[in-house]
Structure formats: structure tokens, C-alpha cells
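In the two complexes that follow, chain A is the common piece, with chain B as its partner first and chain C second.
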Partner chain A sequence: MLPSSSTSAEAFQVRVQIFGLLRLMLNGLESLEVRCAPGETVGSLLEKFQAALAQPVTHKLLTPEGELWVGTIILVNRRNVLHLEGLQTPIQAGDVVALFPPGAGG
Partner chain B sequence: MQNLDTERYARQLPLWGEAGQERLARAAVLVAGVGGLGATLSQILVRAGVGQLYLVDQGTVALSDLQRQSLYAECDLGRVKVEVARERLLAIDSSVTIEIDPGWIEDGFQAPGGIVAAVDCLDNFASRFALYRALPARCYFLHGGVEGGQGQLLTLLTGSSQPFEEICAGCRQPVGAIPVAPESVFVLAGLMAGELFRCLAGNPRLLDRFLVVDLAALTLSFLDV
Partner chain C sequence: MGYGWNGKILRVNLTTQSCQVEPLNEEWARDYVGGRGLATKYLCEETDPQVDPLSPENKLIFATGPLTGTYGAANGRYMVVTKSPLTGTVACSNSGGYFPSELKYAGFDLIIFEGKAPKPMYLRIYNDKVELAGANHLWGKSTSEAEDLIRNEFHGDAKVALIGPAGENQVHYACIVNDKHRAAGRSGVGMVMGSKNLKAVAVRGTGGVGVADPAGFREAARECYRMLRTHPVTSQGLPALGTAVLVNIINQSGALPTRNSQSGTFDHAEDISGERLAQTYLKRNKSCMGCIIGCGRVTQLSDPRWSGSGEGPEYESLWALGAACGVSDLAAITQANYLCNEYGMDTITAGSTVACAMELFERGLISEAEAGMPLKFGDGDAMVRLIEQAGKGEGFGKKIALGSYRLAESYGAPEFSMSVKKLEFPAYDGRGIQGMGLEYATSNRGACHVRGYLVSPEILGVPEKLDPQAIEGKAAWAKGFQDATALVDSAGVCLFTTFGIGVPQVGKLFSAATGKTADEAALMEVGERVWNMERVYNLKAGIDPSQDTLPKRLLEEPLPDGPMKGAVAHLGELLPQYYSARGWDEKGIPTEQKLKSLGVTS
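Now for the complex of A and B:
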């Protein structure tokens, strides 16, 4: 059997979960399936995530310089990407990505 | 346990029995922060019969605290919070042992010996990380946080869970005062108390799992970590 030849055949869906004040900002959106391609990273996923939403959101996730913003934790399979490879963390089929700005007050 | 006060606990003994009540009476719990969450949570713990509390908070009572911090009143303005808290809690139940520390929780903080759990009712991540690092092995860490009409809880067990500092890596304090809806601290503190009771019974429901509460949308969500 020949291997799948097209990029679309290798594409996969990743579910991005949204929590806390970010969900409030996105009108209650709980999660979004994002179509990914081989070589996808957290950084490129966030760009696709924003494009799919058709509204600005990365300003809540990244600094103007493109670095991870400190107010939102980004988890890939339960691990904070700051303990993985940051925005270069590879995304693979089956991964679960969560965006959560935890409440800071007490 | 001697002299179980069956009249005081008449409404809860049917729920968890004398063994459960005695378990609470033997427990020593560190309450880190007696502001919005901590004031209400410590009150619930004392009313429920937790035998020993350590209260840590460096703050004094301010007018802006009174909309949500249930242990304090206008007559307390300017007073050290942990001192007022101890007075009010002992007025509820004079048999509880309450020790206080009017200091910051920062690097080098020493957790009291013998505690089975620490409840994080702090208002900044640096102190939360320092608290977690100070805990002994096999100690429950119950995190709570609020902002606006939202909040979250999380239970970790030191030595087996991911360290809190890894989960919330990179989190810093937002600039300026954090808006907090008064009802949110009461709801979150109640949920934290319930989770603490389950921890004391060896049956936490939020171990390695955030419960995210949105009081505006009236939703509960879970996030495993």
C-alpha cells in the first residue's frame, strides 16, 4: 500500500481548550479544533488558532515581541510549555492544548 | 477523641460520623493568606471543627478589604489581619488552637511541623511558589485563586504531583489591584473547604485537576495537570 502522498492526508486536528478569563473574552468558547500540519509547533498553532477565531487573541498569550506572556499558562498534555520547548514545542496528533490565565487574587 | 461536642456538630455528624469529626479535630492546617479566600475558609474550618490552624498573612485591614473579607469590620481598620482573625475565630470556637505569623511567605519560609495540608489563599504567585517549596513530603497543597467573577481550585500532593511552580510557570502578578467580585471568594472558599475535608479523609476530588469556576456564565470546568 502506498503511503499517503498529500499534505492534507498527514494533517491532523488538535483540540485547543480555553479556560478562565480567556473563555470569557471569547464569548464562552470552550474549545476549538485546529487543523495542524506536520512540523506544527505551539507558536504556529497559536497563529492558526487566532486565524480560526477571526479575532485578536494572541495579545493575551504573547508579548508584542512574540514571547510567551506571563498571564496565561499554555499546557500541552498537562505540561507547561515553559518546561518543554516554549513556542517551539512540537504539536502532534492526539495532543491536547490548554490555554488558561489563572485568577491571581486570593 | 475526648469530649466530642455532639451538640455543636449535630448537623454534620450525620454526614461524616464521629470518626470523621475526630479526624478534623486531629488535623493541623496551614492557611496561607487570610484575605478574601482565607478569611472565609478559615472560618469554615473552625466552624467545622478542624483542631489546629496556622494563619500566615503580613497584611493589615484596609477599607477596600471589607467588601469580601468576612472576618473583618470597620472597627478593625489598620489592625494586623492575623491578630483580628485569631480573635474572631476563637470567638466562634475557643477550643481551637490558632497560631499566627504576621510575615510574608517568601523564599526561606518554614512551614510549621505536623501539618497535613496547606491552603493557598495568597494573592501572588511568588508567595505561592515559595509556600509549595516549603511544604514537607506527602502534604496536600490546595490552591485557590480568584479574579473578577472567576476562580480556580487545584489540589496537589507534594512528592507525587507536578510542583505548582512548574504548572504555573511564568505566572506573575498583574499590575495594580486585582478586581474581585465579593461573591466569588465565598463560593471558592466553600469549594476549597469541601476539598480540604475530602483530603483529610484521603479522598480528594481535585488531585492534579483544576476546577475552574465562572460565576458569570455559571459554569464549572476541569483541567487536568
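Now for the complex of A and C:
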């Protein structure tokens, strides 16, 4: 008997943690499980994350050109993607992704 | 003079109770601009750096900058400059609100307090009418009570800067609170004010600030507003959650000093975060004069144990009274923050000193009998009790009032004080963020985050992202940020605007306001001049370069957990690079050539 779907067999869930202004916009939503496929990157994950939500929020992370705003922090397993491969950083099963729109203090 | 600067100093001799108006030294104003730079120049010229900070011979200077009270960025700052009783270094503590601009509108750039009043007094200023009034009835009153009394008896629209009971009781980290909820917080400037028997300064000014080129100033101001309104940090990030948004950011980055810097991550960070504060006690945002960012947080505490309202806690307070003490009880943190505001204490040193006491207790150096209670990490109620005792000068609070270094030293264990030059770290671990370790070690007032905020590039990615563990290039970044900050502090502009604007914009405002054209290079040289002047003051005060260091814990104990696990502070590599970037000799002494080029008196 064949597997029902090779894609679903390889798919995996990734937890996306939501912080700062994004959490306010999403009425306190702290995290979201996003279904990922092999070859997933931070950039494609953001598209799926947005698609799972009723309102637009990723424009707080990305410019209209699709680049990270100055000050946006995206961590994969607590490492800033700017020190990895940026939006091309690969996502794997078990990863935890944290999204922070630009913020500051002192 | 007359544009930007008012051109007038108010000199108040508290011993003789005389108040005199003097012209501002124009040459010094040209070279040191105002605020931090100009006031430090007066301190250097008029006092012996070895003066006892609590003696009448020490001076206390309230200083605005040429941009204070103007519109354009967030130009509502003033600085309190004196010799610090906590550190023995030069002190410059910065505050916003409305008091600074009001002082400018009354016609003064600086107030220099000398001597010591024979009894509690406060200064009343109504434009050019100045008088000292008795303050016996205000002594012992909290900051908000005393401010209300002063406004009732002097002028309903007066703006007030004052000390609380902590300043009167000689808490080493007493601050000067203005507009009830803003504070010149660090280095114990409120202790100096208390030592002079000066309770408050109340000012009502009905004038304005003249600018030399109104059209040019409007254009420069528009540019600043446009940049602040479009930069994601200043237009959205800071307004949304204020500084408290950093709790989760810094914790996730592995650099949130926890349980007296024994860890870089706090398991309960969410419970003390800006996001949680927004869901619980936050009522609204609040701005200082002329500010479009509005990072202030108005809160109302409702808890079975406490109730009240006020401002904060800000990020630094959430950390110091929270993660540093292992406390995840947001109500306790908020209550302790309110107590610090009412007693007039720096929340950073207050929380860090409690954290130090908790470690000393857990190591068996402080007994329960001596403290009057168990002092275990995580006990929010004990933390609140200690803060209150410190403000009142009661019980074990008398020891907490000393600050962490003197506390730990009294038990023969100064290494458990997380401080540099006796000033406690703010909320960033110098192992997790290498540039901040260098900044703490070299800051002229001790471990401080607002002398060169390298968190911005190293963690936040503003203006560009640097690797927090990288060494190369950090010394030059530190120098650049330190010099730029010294300029901003001297101009009277809020440092937070620099997330969105830069020195070129400050330069345009400055040139249009004062009529004295200054390009970016000239203004950065002002910052460097101020930095070197402060360094020379400290050297003369006996603060030698061997104190450009970090506690043993940061140098030798690797972070035990989190994404920065294993990291120690690489100060040994960074410090020589920093001295070289500064043009100082290998021992950290500014060379004669460097000082001569900057026009700083050695």
C-alpha cells in the first residue's frame, strides 16, 4: 500500500512565537503552529504564517519590497537570521521561530 | 547669545542664600555646547575633582542645552552634573518631562548650586524672580506629595524637580524626580541635593526660546519629524510597548542578566514583559515635551496586596526589580517601581543591590536574623520590603541604601557586586553583548547603557546589524556611539530620537537655532571633547584606568545557558583596541597631543 501522500509524510510543524506590536495586533496571540514543507525558508514560512491569519501583519516585519525593515528581529532557535542566511535561512522540523517587529528602548 | 542659549546662568549659594544671575561663558558654550558638556566644563573649572561629593564644596549643576525647549525632535532634556557620591566619578544624569523646558522658558540655561543650606530649603523661580524658601514642611514628604504642595503654594503651573525621602536619608542612589515620574536617575545625584538641604526646584517660565533662523529651524524640524514618523522604531516600536518591549528581545538573545548575572536567560521573562504589562496594568502612553514618540507608560496597579498608579515600570526597572532578583511577580515589580518613584531612588541600582543581597544571603554571608527576613531569589514580597526599607532608611534597608558594591564589600565579597566603578550594570549582559561589556568598562560614570548604546547595532540591528559576539571593529563603534551620545546629551535632545535621526539632523537643528554653523565632524568633535574632559576629571579624582574593568563573573564565568552559552566578556582584547581608537596611550591615559587637539585642559 502506498503512502497517502509523500508531501504530508514529510511535512512538519514549526512554532512561531509572536512578540511586540504583532502580538498587540493579534489580540494577545503568543504563538502559532505553522505547517511547513521540505525546503522551507524563513521567507516562505512568513508567507504561510500570514496566510493563516485573518489580518495583515507581516508588513510590520517586511518592507513593501519584501526586505526586513531596519530593526526587525527574526530569531531561529534564538539566532538572528541576519547572522544566518536572512530570509533564505532554512527551516527544519523542531525549529522555533521568534518574530519581533522593530522596537527599542534603554 | 540669545538664540538657542538664553545666555544666563543662575548661581545659587545655599550657604549664604544668595541668588545671582551671570552671563553664560560664550567661549565654553561654543566648545561644549550645553547640558552635559557645558555643565561638566563648569564643574571642572570650579571644583577640585578630589572634593568630597557630600561636602558644601561640591557643586550641583542643572543644565539645559541650546535645543532644550525647542520643537524639532524630542528636545526636552536637562542634565544634572556633579561629583557622584556613589562612584566618585563625574556624574551626569539626564531627564525629560516638562521641567527642563520650563527652566529654559524662565530664561536660564544652567543653575549652579553651591554650599549647603542651614536648613531645608527649595528654590522658586518665576521668570527672573528667584527666591529660596523654607522647606521644613516638605522634608520627609514623598516626591508626589511634595510636588503637589509646592504647586499649591507657589504656582499651579510650576514644573518641579525634587528629591524624596531617599535623598534626605542619604541613599547612595537617590535620584532627582521631575514632573512626578521622570528622573535624573543614576549616580546618586539626589544624595548630593539632599546633602545640600535642597528639597526642590520649582520653576514657572513664560518666555520662549529664540532661534536664529526660524525658517531654517522649521525645515530642520520637519525633516526630524518626517524621519521619526517613518522609522519603524520611533513611529511604531517604541510607541506600541515602550522600552518594555526589550524584555523578551534581550531574553531571547541570551543577554538578560538574571539572578545577579548568574544566568543570561530568565524562564519567567514573559511574566515581566512589555507584552504582559500591556495586558495588565498599562493605561496609556505619555510623552515628554515636544515628543512624538511617547515611550512613557502610565499604569495602574490592582492587586490584593497593593494598589496605586504612576508611570512605569520601564524596561530597566522590569529587569532590575524582576529578572535580576529572579522575581516574576509583575505586581511586586510595579509596586517597587512606584516606591522608587515616591522615595526618589534609581530603580537600576535599587534592584541590583537587592539582587546582590539575595546572592549574599543564598551564599550564607547574610543571615536571616540580620536581614529580618529570608532573601531568596524570586521572593517579590521581600524585594518590595527591602526597597521600602531602603527609602526610609530603616532596618536592613540601611545596608541596601549603600548600593551593591559597598554592601558586598562590607561582607568581604565585592566580587558579587555587578558593577563597574561602583555603578551597577543596566539590563544587558556584557558576555552576551561584547560591545556592552566594553561600554560598561569604559563609561565615564561607571556601568551605564546611555553612554554608548551598542545594544542598538548588536541586538536591534539599528542602524545596522553587528554580531554581538564579534570583537573586530567594536572599539571604533564604542567610541563613535560614546562621542555621538555626549553631543546629543549636550544639545538637550532625547537619546531615543537617535534611533530615527542622526548627528546630521541634530546639527541642522543646532545651526538653525544658534546661528552657529556646525557640521557633523565639528559636532562629533564636541562629543569627543566632552568625553576626554570627563576622563581627565575622573583621573584627577583618583579613578585610574585599572578600574576600566568588569566583575570577575563576566570575565571568567561563562554564561551557563541560552544562545550565548559559554560566552565570557573579551575585555582583554577589546580594551587595548579602544584605547587606541581613542588616541590614548596604552595605559588608557589621554595623550597631551590628543587633549591639545581637542582643547581640553589636562
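Quick note on the criterion: the second predicted complex is superposed on the first by the 95 of 106 C-alpha atoms of A that agree within 3 Å, B and C clash if a C-alpha of one lies under 4 Å from a C-alpha of the other, contacts with A are read in each partner's own complex, and residues count from 1 in each chain.
FYI, a residue touches a chain if its C-beta (ideal position, glycine included) is under 8 Å from a C-beta of that chain, and two chains touch if they have at least 3 such contacts.
From a predicted model like this one, the values you see are computed outputs, not experimental measurements.
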item	value
Which superposed partner A:R23 touches (first chain B, second chain C, both, neither)	both
First, second, both or neither for A:A51, with chain B first and chain C second	neither
Partner chain in contact with A:L75 - chain B first, chain C second, else both or neither	both
Touching partner for A:H83 - first (chain B), second (chain C), both, neither	both
Touched partner set for A:A37, first chain B, second chain C, both or neither	neither
Touched partner set for A:K60, first chain B, second chain C, both or neither	second
Touching partner for A:P102 - first (chain B), second (chain C), both, neither	both
Footprint overlap on chain A, where chain B in one structure and chain C in the other make contact	19-21, 23-24, 28, 30, 70-71, 73, 75, 78-80, 82-83, 98, 100, 102-106
Complex contacts: residues of chain A adjacent to chain C	19-21, 23-24, 28, 30, 60, 69-73, 75, 77-80, 82-83, 98, 100-106
Touching residues (chain side chain B, partner chain A) in the complex	33, 35-38, 120-125, 144-148, 150-152, 162, 166-174, 178, 180, 210, 212, 214, 216-217, 219, 221, 223-225
Chain A residues within the chain B interface of the complex	17, 19-21, 23-24, 28, 30, 68, 70-71, 73, 75, 78-80, 82-83, 98, 100, 102-106
Complex contacts: residues of chain C adjacent to chain A	231-233, 236-238, 240-246, 248-249, 252-254, 270, 274-275, 278-279, 295, 314-316, 426, 449-450, 453, 455-456, 459-465, 467, 495-496, 499, 562-563
